[in-house]
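Let me begin by handing over the structure; questions about it come next.
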Amino acid sequence: MIEFKHVFKKYPNEVLAANDFNVKIRQGEFIYVIGPSGAGKSTFIKMMYREERPTSGEIKVNDYELQKIKNSEIPFLRRELGIVFQDFKLLPKLTIFENVAYALQVIEKDPETIATRVNYVLDLVGLKHKVDAFPNELSGGEQQRISIARAIANKPEVVIADEPTGNLDPDTAAGIMEILERINSEGTTVVMATHNSQIVDQYKHRVLEIEDGKIVRDQTEGGFFQDED
Amino acid sequence: MIEFKHVFKKYPNEVLAANDFNVKIRQGEFIYVIGPSGAGKSTFIKMMYREERPTSGEIKVNDYELQKIKNSEIPFLRRELGIVFQDFKLLPKLTIFENVAYALQVIEKDPETIATRVNYVLDLVGLKHKVDAFPNELSGGEQQRISIARAIANKPEVVIADEPTGNLDPDTAAGIMEILERINSEGTTVVMATHNSQIVDQYKHRVLEIEDGKIVRDQTEGGFFQDED
Amino acid sequence: MKISTFKRHVVESLKSLKRNGWMSVAALSAVTVTLLLVGILFSILMNVNKVASDIENDVQVRVLIDRGTNKKQEAKLKQNLAKLHSVSKIKFSSKEQELKNVIGSYGKEFKLFGGDDNPLNDVFVVSAKKPEQTVTIAKEAKKMKHVYDAKYGGASAKKLFNIVDNIQKWGIAISLLLLFVAVFLISNTIRITILSRKNEISIMRLVGATNGFIRWPFILEGAWTGLFGAIIPIIIVDLGYVWLYGIISNSLASTGYSLLTPSVFLFQIDTLLILIGIVIGAIGSGISMRRFLRI
Amino acid sequence: MKISTFKRHVVESLKSLKRNGWMSVAALSAVTVTLLLVGILFSILMNVNKVASDIENDVQVRVLIDRGTNKKQEAKLKQNLAKLHSVSKIKFSSKEQELKNVIGSYGKEFKLFGGDDNPLNDVFVVSAKKPEQTVTIAKEAKKMKHVYDAKYGGASAKKLFNIVDNIQKWGIAISLLLLFVAVFLISNTIRITILSRKNEISIMRLVGATNGFIRWPFILEGAWTGLFGAIIPIIIVDLGYVWLYGIISNSLASTGYSLLTPSVFLFQIDTLLILIGIVIGAIGSGISMRRFLRI
């Protein structure tokens, strides 16, 4: 469960990237976040995992109230979220295997379990043959898929994906969507910022549209509704 | 003019990313490079500006024969090309203005000319108000547009763009396409790797399709033809 | 922390050391050069100190024996002197020998005073265990039978003490300065390498690693850097010291002064170098990271 | 290079210094601490050297004057001695003064030889300009009229020369070691900061910058780092030296030895520190970049 109440975010340079966000995302939902470049989609998403702090307002993610959370609790919040970053954020000096494994090592899984799970998710995104490569030896789309693999590796309750198909061709993108659909059908919440209108049209889900730091549309499949407080 | 003759590229890890590429791109052409993730599009493009060297074969770009070029000539080759990188490659410690200006400073333009030109191209991509921001203060799509602005800043003979709309919403992407169309109509060659099928469909140009390191299609608008030697 | 996690940290730290390539080489060589300087200068300073205190210990009390004292009485006096617990050595010098010294310093005219004309006394040259005790020894000796006078160099000895004291004080000051510099440079180097990995650290945090989890491999990597960086300095200092010890000891032999024994001294200095390396490497690493672990 | 381009490089280098924040601070402080060490140790070494050579120069030839020589003849002798071009100072010491010295060293019995019984000679104590010249002076003096004998300390002087020589040799060795360490550490620090900017450099190349264009701001930034890093060491060394000079000079005054004059010495050491800083900063920077400019 993710809930934003009167959330404002003003960056130090005076850009107002979130102007009174009020959103509630229930466990198990699939929600698209769309809007033009620079609208505030990534900011919205970054506030969920506390990369950015709101200037004011309340954010609740699962059982964490982010305005009250202590620094030492942040890692535990993030472990409940699987995050696909817009710029991938792979560790440059770890191999693909180690990058994905990292997300499991932090929760101190034992090495065998980690190996099995890493190979499984790498297979899912079609990159099992790249286990020993380093990030800079991969194509853009391949790096993006590693980021996706890492996000789903520890079976998080919520997957937050920022533009996860930006560097993927339509076929590969469809493959990724199938994966997200499947984990969503198993109960995982999925929040996905995207520019890909084909995907939004094809896989129908709730759509949140942000424009210039304001939520201008919050629409369940097929219909409009105004966001309630 | 860009010409590939029997170009092979094998990365140290044995991946064959270019398998006998034979392509000729005439001055003033607009060509899409498409294909699935990891096919070899970026490798193809990187070989044009000598970020990667082919394992064998001949590449000619404008008047440079890349297999013979001296290290000290590479900067001059690159100045004739405007490059949009898949991962943007902005200088993190320079402001947006300085980033774009850099491409003009290297050719020792005088400061006034630089200022005028930088403001002009930033205006083109709709980011004039961000001149003083640093790259990490921009959204993904904004960074991508800066990379585009920098590529066209010194009016290069050839623009090489790797996935230039991957992080852009459809409207902004259309804006960028208009710019590329216009500079192309003024005589600039445009090579553009993309996954965006809507764009390829809407703005009709020659299409080069790569799959698994092989050129599988080289099609002018509306028709197929096999690539000649 | 689970054992498997600890193992992971160790493996990870070594891997990272390797994969950071030139950065690791640069950090390692900074540690190496710094510890080399510390090793060499410390060896010199501590030996200068040692020789200085040898010189200081060399100050002697000259106990002048009453003329007409017979051999037996002299032996008794020697026993009494030896009983003073602060006395380390007693040497007899006859008045003829004393006269020779005078002639050596002031000229052959004094030959006139040879034989029975010799106005000098037989002397016991007494060395103190500690230089501060010379004064007491002289006082005690004066009270003894058959002692004509007891002198301990007076002003000139005090001047020597003063010089030696100064050498030792400066030695300590330089050593402290050197230690401070070494600690600072090593931790600063480690800090720079960590600053350059700011990005990596922030990614680690973003994928749910706790500060402890992030920190351990870095701390261990710092410790390895310190440890490996101590190897070459230790080899150079050890071999160099043994070699120079041979040469210098020889030429010092006649003076009675000596350098610090290699076996003991090298063990100490090696330990010091390894400790500085590991501890400062690890701590420097741990502290430098704090900045990045706040957010 | 156009003037506007050169201006740009200067501006760029300063901007970069500022924007690299903690990295610049770390590099600057490494330079600062290294130069501080160099400054302090060099000051000490060069003064030890100075005092050692003062001591060496202090070895004197004692020219014993024939008894019965009258004042006029003595004055003549003094003139003759002064004519020797290697002589720097001549001091007269009467036989009464000489006797006092003997009494001071060997005991009051020698008081018996006061007055006309005094077997000693009047003496001219002659200082040489260079210690090696003492032997020649002694030889020349012996040939002169009214000279009874001329002595120059012999073995004990040679021993002193030896010690002083050793001190100076070691001083030079330590100075060289120190210089090497400073050069290495400063260039190494600069190298690490550049290694951490590998990425930036490769981007610059990708957008068409020539190696020269890329290199200049880095070289200038290295030079600034060296220059700014020299400021604090210069201040500390200058103030500290002036302060200690006051104290130590005072206590040395009686001995006739002296430290290096602050005005001259500080100018030299300040120049040295600035030069090391700028030159090594710039060169270290230029060299470290070569690796990245090949591709």
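For clarity, chains are labelled A, B, C and D in written order, and residue numbers in each chain start from 1.
Rule of thumb we're sticking to: a residue touches a chain if its C-beta (ideal position, glycine included) is under 8 Å from a C-beta of that chain, and two chains touch if they have at least 3 such contacts.
Just so it is clear, the structure is predicted and the values come from calculations on it, not from any experiment.
Moving only from a chain to one it touches, give the least number of moves from subunit B to subunit C.
Tracing touching chains, the least step count from subunit B to subunit C comes to 2.
Show which chains lie in contact with subunit C and also with subunit D.
none
Tell me which chain's centre, taken as the mean of its C-alpha atoms, is farthest from subunit C.
The chain farthest from subunit C, judged by C-alpha centres, is B.
Just curious, how far off is subunit D from subunit B if you go by their C-alpha centres, in Å?
It comes to 62 Å between the two C-alpha centres.
Taking each chain's centre as the mean of its CA atoms, how far is subunit A from subunit D in angstrom?
Here subunit A and subunit D have centroids separated by 66 Å.
Can you compute the centre-to-centre distance for subunit A and subunit B, using the mean CA position of each chain? Integer Å is fine.
Centres of subunit A and subunit B (C-alpha means) sit 29 Å apart.
Would you mind listing the residues of subunit B that make contact with two or more other chains?
Expected reply: no residues.
Residues of subunit D that contact two or more other chains, please.
none
Graph shape for the chains shown, where an edge means the two chains touch. Line, ring, star, complete, or other?
ring
Touching pairs of chains, which are they?
Pairwise, the chains that meet the contact rule are A-B, A-C, B-D, C-D.
Looking at the complex, which residues from subunit B come into contact with subunit A?
Residues in contact with subunit A: 11, 13, 34-38, 41-42, 86-87, 133, 137-142, 144-145, 162-163, 166-173, 195, 197-198.
For subunit C, which residues are in contact with subunit D within the complex?
Per the stated touch rule, the residues are 22-23, 26-27, 29-30, 33-34, 36-37, 40-41, 44, 64, 98, 102, 105-107, 109-110, 112, 119-121, 149, 151, 170, 174, 177-178, 181, 184-185, 188-189, 191-193, 195-196, 291.
Could you pull out which subunit D residues touch subunit B in their complex?
For subunit D paired with subunit B, touching residues are 1-2, 4-5, 8, 16, 19-20, 200, 203-211, 213, 294-295.
Would you pull the subunit A residues touching subunit C in the complex into a rising list?
The touching residues are 49, 51, 71-72, 74-76, 78-79, 83, 85, 89-93, 102-103, 105-108, 110-111, 150.
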